[in-house]
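Look for chain A in each of the two complexes below; its partner is chain B in the first and chain C in the second.
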Partner chain A sequence: MIPAAFDYIRPSTVEDAVNALADAGEEGKVLAGGQSLLPVLRLRLAAPALLVDLGGLSQLRGIREDGDMLVIGAMTTHAELAASSVPLLAQVAATVGDRQVRHRGTLGGSLSHADPAGDLPTAAVALDAQMVLAGPHGRRTVAASDFFVDLFTTALAPDELLIEVRVPKLQGWQTHYTKVGRTAQAWATVAVAAAVRRENGSIAQARVALTNMGPTPVRASAVEQALAGVAVDGDAIAAAAAHAAEGTAPASDTTASAEYRSHLAKVLTRRALLAAVGR
Partner chain B sequence: MSGLFEEIHEQPAADVPTRRVSITVNGDKRVAQVEPRLLLAHLLRQGLKLTGTHTGCDTTNCGACTVLFDGKPIKSCTMLAVQADGHEVTTVEGLAGASELHPIQEGFKDEHGLQCGFCTPGMMLAAKALLEENPDPTEDEVRWALSGNLCRCTGYQNIVKSVMWAAKKMQAQSAS
Partner chain C sequence: MTAVAENTEVGRARLRKEDARLLTGRTRWTDNIAVPGMLHMAILRSPHAHARINSVDVSAAAAAPNVVAAFCGKDVAETQGVLACAWPVTEDIVMPTYLPLAVTEVRHVGEPVAVVVARDRASAVDALQLIEVDYDPLPVVLDIEAALAEGSPLVHEDKGTNKCYTWVFDSAAAGSGGDVAGVVADAEITIKRRYVQQRLIPSFMEPRSVIVEPAAGEGGSWTVYSATQIPHILRFLLAATTGTPEHKIRVIAPDVGGGFGGKLAVTPEEWIAFAAANRVGRPVKYTETRSEAMVSAHHGRDVIQDLTLYAKRDGTVTGLDVKLLANMGAYLGIVTPGVPLLGAFMYNGIYKFPAYRFECTGVFTTTTKTDAYRGAGRPEATYAIERIMDELAAEVGIDPMEVRRRNWIRHEEFPFGTVAGLTYDSGNYEAATDKAMQLLGYDELRAEQAARRESNDPKQLGIGISTYTEMCGLAPSRVLGALRYGAGGWESASVRVLPTGKVEVVTGSSPHGQGHVTSWSQIVADQLGVPFDDVEVLHGDTRTSHKGLDTYGSRSLAVGGIALVMASQKVREKARVIAAHMLECSPDDVEFADGAFRVKGSPEASKTIADCALAVFAAHNLPDGVEPTLDSEATFDPEGFSFPHGTHLCAIEVDTETGEVAIRQYVCVDDVGRVVNPLIVEGQVHGGVAQGIAQALYEEAVYDAEGNLLTSSFADYTLPSSADLPDIVSDRTETPATSNPLGVKGVGEAGTIAATPAVVNAIVDALRPFGVIDVQMPCTPERVWRALKEVIA
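So, the complex of A and B:
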């Protein structure tokens, strides 16, 4: 399968990339690692006139500290993230696709693609990540919860680029990501990201986010509320996890029914929380 | 498909935008004039006649087209040739030395690691990347490292044995 013809540029600055996108209007498309875009182009589900390859923007690659935050460049690959010590994101990145995909695929690409079965969008929502976007009129920061708008749809304008992702260091938190897929390399049927902060033997604060339980990643707010202040105890965690599917809208497809996804959400929320607290 | 061959020949059609790429393939610098849409797998197979790189599923699933890109395994059907400009690529043709097989190839021969052989080039390159990173893997680690490579003959038992065989041989070689 061969993509439709397109023109190609590989800018060396963010400004050049943004200007090229602005000139191309709706006809431009950003190429990061290409692990989602190239399959789409090969199937001719999209046929942009111009690809703007970010592969030359080495300044968007790598992880740095900024006070209480970690700042991850959008072109950091899943393999690089998996080898890092970024809380939650390192573990999540190690579960994306397979080894080959992780060497090419990038954090920024995965977030911008916004696949409802994507793992990294869920981690971003669980961490309350801040997305830094660059456009022709400068930069703006968008909260992860506002970034994911709908199925494969983000707050990015056609002439904007996601350039970096800011996440809290979460010192003193325990995190875990639990995923069920049909095969080792499959997209998540359902997955759950959990982060827990303990104080004096009980759960002071919990963050739980769900993958593939609707068109965008969602926080399991009812679970988070049920966990606040409870003892770190298997029964209490199981009782809270029973709320995981509340307010969600999972799809039914050839992999799983909505009912099965709702069941999985509860089971995996319990498992993710127990694994996070080391039970 | 005929248009594609023109793209990677020296004189492409005038109305097609092309780019000149320079890629080090198995140690040799190769230069080609390509259309931006040309996939690396197609440049290797049709442009450079390195047909050991197989294209299986064309959907980034099967891993038959796996090559090493700057030493790391990637799926060459999911990379544009223009993205490889200035980089190093190793294909299955680059595995063996002048007179002897690579230990991974020997392992696949000795342990019957192939049936139809279609997935084998990708399996061997994924295995090479694993053994460079982890010279003494467990069976489980081999299985995880190969989880992006599918064998439709389902000959996984012997593929894993072949990689374990190669790991032992390579360790013995580096110890001696």
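So, the complex of A and C:
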């Protein structure tokens, strides 16, 4: 529970941060809110020689509009997000851990950490968010579906920073996040993010993404397909939700078995969809 | 006599004197203490559940920056002493040698193997990584039943068995009841159930910490600071097992942040710090990390309970047979073997069973040792009997409360000699139950339950009942002796009256969060007629309090509190002589009321304790032969236990689709006898209920097949927080204990004992129409879902 020794810097520009990371190579590590990184260091699962603290990059904090997109700085905290009106993300951020964690933890840190039980990655995938990455050779944009590569693994190179996240404003959509965990403050055993756009009393389009149903957040595409064009009706939604576990690969661990997770995915998908459409 | 002023403090909801300091962080946790020249220790622990140690090489660690010393078990084999078990429950009990630092073999993950002492903590931890240990892994044995099977690997090869002991109580043999074998044939109803008490980790808030200041040369003395519940026992055992003279050891338990039985222990870490300080000749501090606490501090429960209940068609119980398998872990802690026996006397609960037999077998496994955890034995007993009484009700087809009424001891039947051989001095189960049922709205809830069953609601409602009693006030020394416990159960107190009339109280019952300072002040204020604020309570330092048996088993008030009353009365008797002298009358003509001595019949002139204190300070004009002091000391050894009881009820909604449970209402009516401070009582009840709910729904220590503890941090070991707990409606009835002059019983464990069966009974009650008769604790959503799935499929 005592980390190995490391050096620490707190740059004030993205360029300085990126350069410091490039110089440190494999030995560097980004520090955002520290809510996931510090436990890793204390358990000595990692022993980086240099920590690059993004806490001084106030330019990465906050939410702005850009046409029909919302742009969220990577250093925006869960608490700030929860208090915002960003569709889905606001509700999801409010379910993260406890108050202390939400006031320290950041959207960028959560996405970069890519914990399969993390809530924000699922929301990003459900929203088809775009991740803006900055590296020594400039910036690039990666779609959420390509960003999450594996368990705790993203498309970020060691010398890259996630600087902002772009999400559609989703006007006319209804969203909901349903989460089951062992305690009020626990990580999700399984959770489901649902977004629905209605046209003339039926579902025109639906997006459903699942938390902790595999190494990365997954879209429940079978459910989405089954929903396209159906009436907004309990039975139709239940029938579609029955496909939720298709193509998933949930883990068995001390919290729950894969079998139970698959069952939960179906129940929670139905509930999330019904809640989204106000049923 | 005028209306007693004596009752002004006892019974008052005083805010705790302790809290201003604790809440503003002006605390002295052991880890906050720094002594001059202090070094820091880190411990290398076994990654294997069972292995032979071929060699340990500490040379690289010893040469690391800032390191002062590094050593392993072999280096201190002669001097480190051993850890004692104080409770050899049977004559033929198997007692393995328990070394602080392993020398040739490790028997659980986390067992200490080597040590680094450095100038700072980080350097000590860094250097641990440089120690090379060559292990030969040995077969592990984790399951209690597997450990008893023929050909099982042995935890202690030299003992030739994994069985630690078998202890039997039989009411026929004891003369307290009939023979269970005799009721089998005639039993109209026979119910057999197996319940499993999962392994729990006592999650005290403050991790354990110890500082040892060694003797500075010939004739010097040792000071040991430790986050312990038992400074007096620690001092005695350090002296007894290391050969250090007792009078040369001072033990200080400064502020101690909770224990729940987890610090009712003498620990390998204390002994290792002692050895390390002696080796380097400088003070050494060791503070564990949370994960170290979880693998190495003792665990609780871990018992398989096989019950057979015999009854008549009308629901009257005719006999109870209990067989336990209790997991000791790899070694025996201070009271490990005795914990299940504390439950042996409680399986009959509040009931009049004619015949009872109890048998417990202790079993060694390659896991962390178990030992006392809040309630120690009594939660297990209460859980089992309260669960199976519900089964009996279902079998007979009557309300579960009715089956209890048909069997419980009625209030007019006290004192009552139980089938387990105890005498319950007082109680009123009817009163507590009636009040609880009213507070809950029992009948309305039953109606709602019926409606939900009728409508096939996906959320089913369950009502859980737990009518409990427990034995508190550990303990009559003679009883402990008869049970082969190594020490007595008395407690001591002394009262010192200062010249200005202020009072210092020294208690041998060393608290770790219970609020003794406040309650003790209230008691003394009444006894001596001094203001609450004029009493200072001293504890937890063997130099001020040389004598005591410390805090556990809800004993402090019922034993230590009585010692305090006795010491106060001695002060009063001494003062009476002085007051009489000043009032120029005979001591027999003086009465003490409203905080002052007065001549009977002439209330104008009065002398307070403060007047007497000043008089003895000056000592100019004392009666002949009177010692110039009011100071007094008393030691109290109770004649019997005290028996708190109560009724806990809860209403739980079970989501039959996800298996999630939500406690909608929780009501408890406890009878803890006379109440000194209602706020403290309420706090103990709430905390206890939280811990009881936690066993029912959340907590479980889990090992993998190799014996690694998977739940070794709070990320994996699920503790509830306030957000997960219901509003607790707590109320009381007050049937004073007759076994002590204050009429108090004890409240430290009541909530934990009562809550667990209330919650699980509610879950099973909700699901009984589906055919569910048990859900294994902790009742996680998955387990509830599976229980339903199995019966529906």
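Things to note:
Here is the rule we go by: the second predicted complex is superposed on the first by the 279 of 279 C-alpha atoms of A that agree within 3 Å, B and C clash if a C-alpha of one lies under 4 Å from a C-alpha of the other, contacts with A are read in each partner's own complex, and residues count from 1 in each chain.
In this section, contacts are C-beta pairs under 8 Å (C-beta built on N, C-alpha and C of every residue); 3 or more make two chains touch, one makes a residue touch a chain.
Please read all numbers here as calculations on a predicted model, not as lab measurements.
In the superposed model, A:Q185 makes contact with both chain B and chain C.
Once chain A of one complex is fitted onto chain A of the other, the partner contacts of A:G135 are absent, as it touches neither chain B nor chain C.
Look at A:Q35: by the touch rule set out above, it reaches chain B but stays clear of chain C. Contacts of A:P215 after superposition: neither chain B nor chain C is touched. In the superposition on chain A, A:A256 contacts chain C only, with no contact to chain B. Contacts of A:V267 after superposition: chain C is touched, whereas chain B is not reached. Shared-chain residue A:P158: touches no atom of chain B or chain C. After overlaying the two complexes on the shared chain, residue contacts for A:F6 are found with chain B alone; chain C is out of touch. Between chain B and chain C, more residues of chain A are touched by B. When the two complexes are superposed on chain A, the residues of chain A that touch both chain B and chain C are 1-2, 4-5, 39, 43, 98, 183-185. Within the complex formed with chain A, the chain C residues making contact are 121-122, 125-126, 289-292, 657-660, 698, 702, 710-711, 713, 715-716, 718-721, 723-724, 780-782, 785-786.
For chain B in complex with chain A, the residues that touch the partner chain are 1, 4, 16-17, 19, 35-37, 39, 42, 58-61, 63, 66, 69, 72-75, 77-80, 82-83, 126, 129, 144-145, 147-149.
On chain A, the positions that touch chain B within their shared complex are 1-8, 10, 31, 34-35, 38-39, 41-43, 51, 53, 55, 79, 97-101, 103-104, 183-185.
Residues of chain A touching chain C in their complex: 1-2, 4-5, 39, 43, 98, 180, 182-186, 189, 254, 256-257, 260, 263-264, 267-268.
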